[in-house]
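Worksheet: one structure, shown below.
Should a chain be cited, it is by its letter among A, B, C and D, assigned in written order, with residues numbered from 1 in that chain.
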Amino acid sequence: TDSLVIAGKAYASRLLVGTGKYKDLSQTRAAIVASGAQIVTVAIRRTNIGQNKNEPNLLDVIPPTEFTLLPNTAGCYTVKDAVHTCQLARELLDGHSLVKLEVLGDAKTLYPDVPATLQAAEMLVKDGFQVMVYTSDDPIICKRLEEIGCVAVMPLAAPIGSGLGIQNKYNILTIVENAKVPILVDAGVGTASDAAIAMELGCDGVLMNTAIAEARDPVLMASAMKKAIEAGREAYRAGRMPRRRFASASSPSEGLPF
Amino acid sequence: TDSLVIAGKAYASRLLVGTGKYKDLSQTRAAIVASGAQIVTVAIRRTNIGQNKNEPNLLDVIPPTEFTLLPNTAGCYTVKDAVHTCQLARELLDGHSLVKLEVLGDAKTLYPDVPATLQAAEMLVKDGFQVMVYTSDDPIICKRLEEIGCVAVMPLAAPIGSGLGIQNKYNILTIVENAKVPILVDAGVGTASDAAIAMELGCDGVLMNTAIAEARDPVLMASAMKKAIEAGREAYRAGRMPRRRFASASSPSEGLPF
Amino acid sequence: TDSLVIAGKAYASRLLVGTGKYKDLSQTRAAIVASGAQIVTVAIRRTNIGQNKNEPNLLDVIPPTEFTLLPNTAGCYTVKDAVHTCQLARELLDGHSLVKLEVLGDAKTLYPDVPATLQAAEMLVKDGFQVMVYTSDDPIICKRLEEIGCVAVMPLAAPIGSGLGIQNKYNILTIVENAKVPILVDAGVGTASDAAIAMELGCDGVLMNTAIAEARDPVLMASAMKKAIEAGREAYRAGRMPRRRFASASSPSEGLPF
Amino acid sequence: TDSLVIAGKAYASRLLVGTGKYKDLSQTRAAIVASGAQIVTVAIRRTNIGQNKNEPNLLDVIPPTEFTLLPNTAGCYTVKDAVHTCQLARELLDGHSLVKLEVLGDAKTLYPDVPATLQAAEMLVKDGFQVMVYTSDDPIICKRLEEIGCVAVMPLAAPIGSGLGIQNKYNILTIVENAKVPILVDAGVGTASDAAIAMELGCDGVLMNTAIAEARDPVLMASAMKKAIEAGREAYRAGRMPRRRFASASSPSEGLPF
């Protein structure tokens, strides 16, 4: 079977989802169930998973018994904040060591601060975390994050929350070709075909939140994304036909100018 | 339920497939079954559906009891040939009147001869055929083919057999917006995401052959295409998030330059 | 020297411009002079070139002694209107036979009515006109218009007045490769790089109006377009480097997936 | 006048060129003269500017009296090598302090090593160099290089020597919008329109080598690039028309889906 293996654990689903921007916890659960996701990422600084006793607790609808929780450091702009947030998550979740690291560079673009990300990744790996890491689509940096010991590297396709789709396919392809750990596109997917394209490029998975939560019908979009990820993965494995200008071309690349 | 209705008949699947270029009839059937297609198009001038008694008959593996056969006029370069081929198909298939018309302009590009297509469509409609029609992605011509009485209009996404994907999204979108009959992308799809994009643009379906038959693993690609069509359709119905440069943009289109 | 030859006459400039949408005749002239254009197209049904004695006359600022006037049939939706408009222009311009034919399909898209265009082109050629013809980017139709005897074929890049740039580069390329008469992109160019791309595809020229007239500074944009057309032409003639993924690739097309 | 100002010095030309890959020094000079470039970058580790007394000296055809030389650190993979190469250049060129820094991440992609680039930039600025710096198209990193004191930041458009054109227009746009120093696209331009696009995005200049040197006719391509840079710059300053689906749209962005 064609599983996604992260930190030694196999997952049938290659779609990872977030929990933000939904109308209420009921819609959150409905969309996540429809997505088929098994890994659900949670912004520790913005989501109540038990820190606030008297507020609705996400874990009531997304219980750790049913999903692999992936605490993330969204909203952290420094190494210190990011590392501390991971440690807090580990405490709240009884020693859970799988985290998604993001150290942001600024509040407008939400692009990563790459040097700080490298530093935080190194500290977290040394501290025993299994680090999935959000970064830019720079192939050199992605390789370095793998060498540091991250269990998965997650380049952005486009800015977080933009829905612009994959801006630089060549970068994603190069990152995938160079990698020995799973590469997951994180951020920028806007609709189903964007997710399919990521998978056709050879990515091991896609993480998204806004594209589902801000669709007019989030639950239906979650189902669309589930199918798109599977479609893209199968197309990748099936080996697509060559592109050519005309059916009559004797050689596929004959005269393919773009 | 969200059915594709063509000539008054409802279909659950929005993926239509051809039968050419497979290794053998067994692979043909396996791929078509995996695609979930209910409408299967057959090139009458190239495929034995009973004309040649002693050769393998496609209908043995794609029986009319299981699939809606869609005879097509592939290989016809004149109005006369195309009309005659449809009449031959009707005889061979006991009065079957649903056909896919294509009148080709030349053997290199396999682009339609639009004036001849208009003329043949008119003749076939008058002769009682239910005409699905292959054409260029010209919105004016697509509307005229609808007005002539075609039951579905099928603009190309890119040259037949090219696998280049949708070249002119704006044209397809305009055609869809103007249409009162189903619009199906016919020709040019190369991989799963191409099919999803067609559906996200609002197309009612996609017809393909080479993208499945020339994949390294046609049966797996057929499954990918099935899911991609469903994903794209659901994404279209779910209403995608707006594209914006950054999550922080107060208005979606604020500063979207391309 | 590298001239554009239309109907036997050589032009140093490959940029053709319109006269609509300017602030006043003074700006019209300033922009056209800055563009370096030698052929200026005039919408006979919308522009006073002498029909109305008491109104400002375009020919005062764009005199036929300085520019080749190209009367066009903008606003014509029927064969009859288009043919009649050309005949009117010939009278007004003392037997001038070079015209730009457009027969529009609808007022929203301003796409051509291709069958009517073919018919009008045939009538005008028989009537002794030298016909430059606006059409869709359908390679079969473009070839037919050449066979009818048009002196130049002018496929659209995108809808008139859209500024979207070339939507289907493969079509333009195929049209150019098949042609024995000049191919000029007509409609859809929005900025300088769009014009350069048209020329790099091998087009013989570009006709534009809105991209200059609706720029914030039309005269400066006219200069930009002049240089862009020359740049694109020279790049085409100079033979661009092959595209490749990396400088180290031993073969250009090695692994070029898109 | 619209000058490019780098480190306090104004240049009329916004095209910077390299000296590699030409047939001989005579072609090198002819192409560079045709490009109109005033700043010429020289790979100190690969080019003889006096290190080797008995070999042809680039300075014989590209004299510092006629051009601003921009020594670069092409081929350097470590901070130490890059810094040392700059110091060597300063000695060879009598105290010349303007340099182009590149610290490469690997020999296949020729992508920058971003953390090493930041470190080398810091050291060189402190050592009195005026540093123009090659980097990835990461907006956060570009801003940081500006803050370090680099006099110009030079994000790649695509891999060095690829000719693929600008892969991520949104990144380049964001970098330009955030910058207080000149932003020049460095690497990846393949033909004239690519250069024009860079300028239309608001870049202050473009540096290229392979696109000119590997054209079939380098001197003609150099001329094309000169005009393309000017065209793109003028189009940027002229303010392009809005993109819209149809001329009849009441609002530009009405229904612009991509």
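Everything that follows uses one rule, which is that contacts are C-beta pairs under 8 Å (C-beta built on N, C-alpha and C of every residue); 3 or more make two chains touch, one makes a residue touch a chain.
Just so we're clear, the structure is a prediction, and the values are computed from it rather than from any experiment.
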Problem set entry | Per Cα centroids, the chain farthest from chain B | D
For this session: For the copies chain C and chain D, give the interface type as same if over half of its residue numbers appear on both sides, and as different if under half do.
Result: same
Problem set entry | Cα-centroid distance, chain B relative to chain C, in whole angstrom | 34
Exercise. How many angstrom between the C-alpha centroids of chain B and chain A?
Worked result: 34
For this session: Round to the nearest whole Å and give the separation of the Cα centres of chain A and chain C.
Result: 47
Exercise. Which residue numbers or ranges of chain D touch two or more of the other chains?
Worked result: 109, 159, 164, 169-170, 174, 243, 245
For this session: Show which residues of chain C lie in contact with chain B when the two form their complex.
Result: 105-106, 109, 111-115, 118, 136, 138-141, 158-159, 164, 167-171, 174
Problem set entry | Contact footprint of chain A on chain B as seen in their complex | 107-110, 159-164, 190-193, 195-197, 200, 210-211, 214-218, 220-221, 223-228, 230-235, 237-248
Exercise. Of all residues in chain B, which touch chain D in the complex?
Worked result: 169-170, 173-174, 243, 245, 253, 256-258
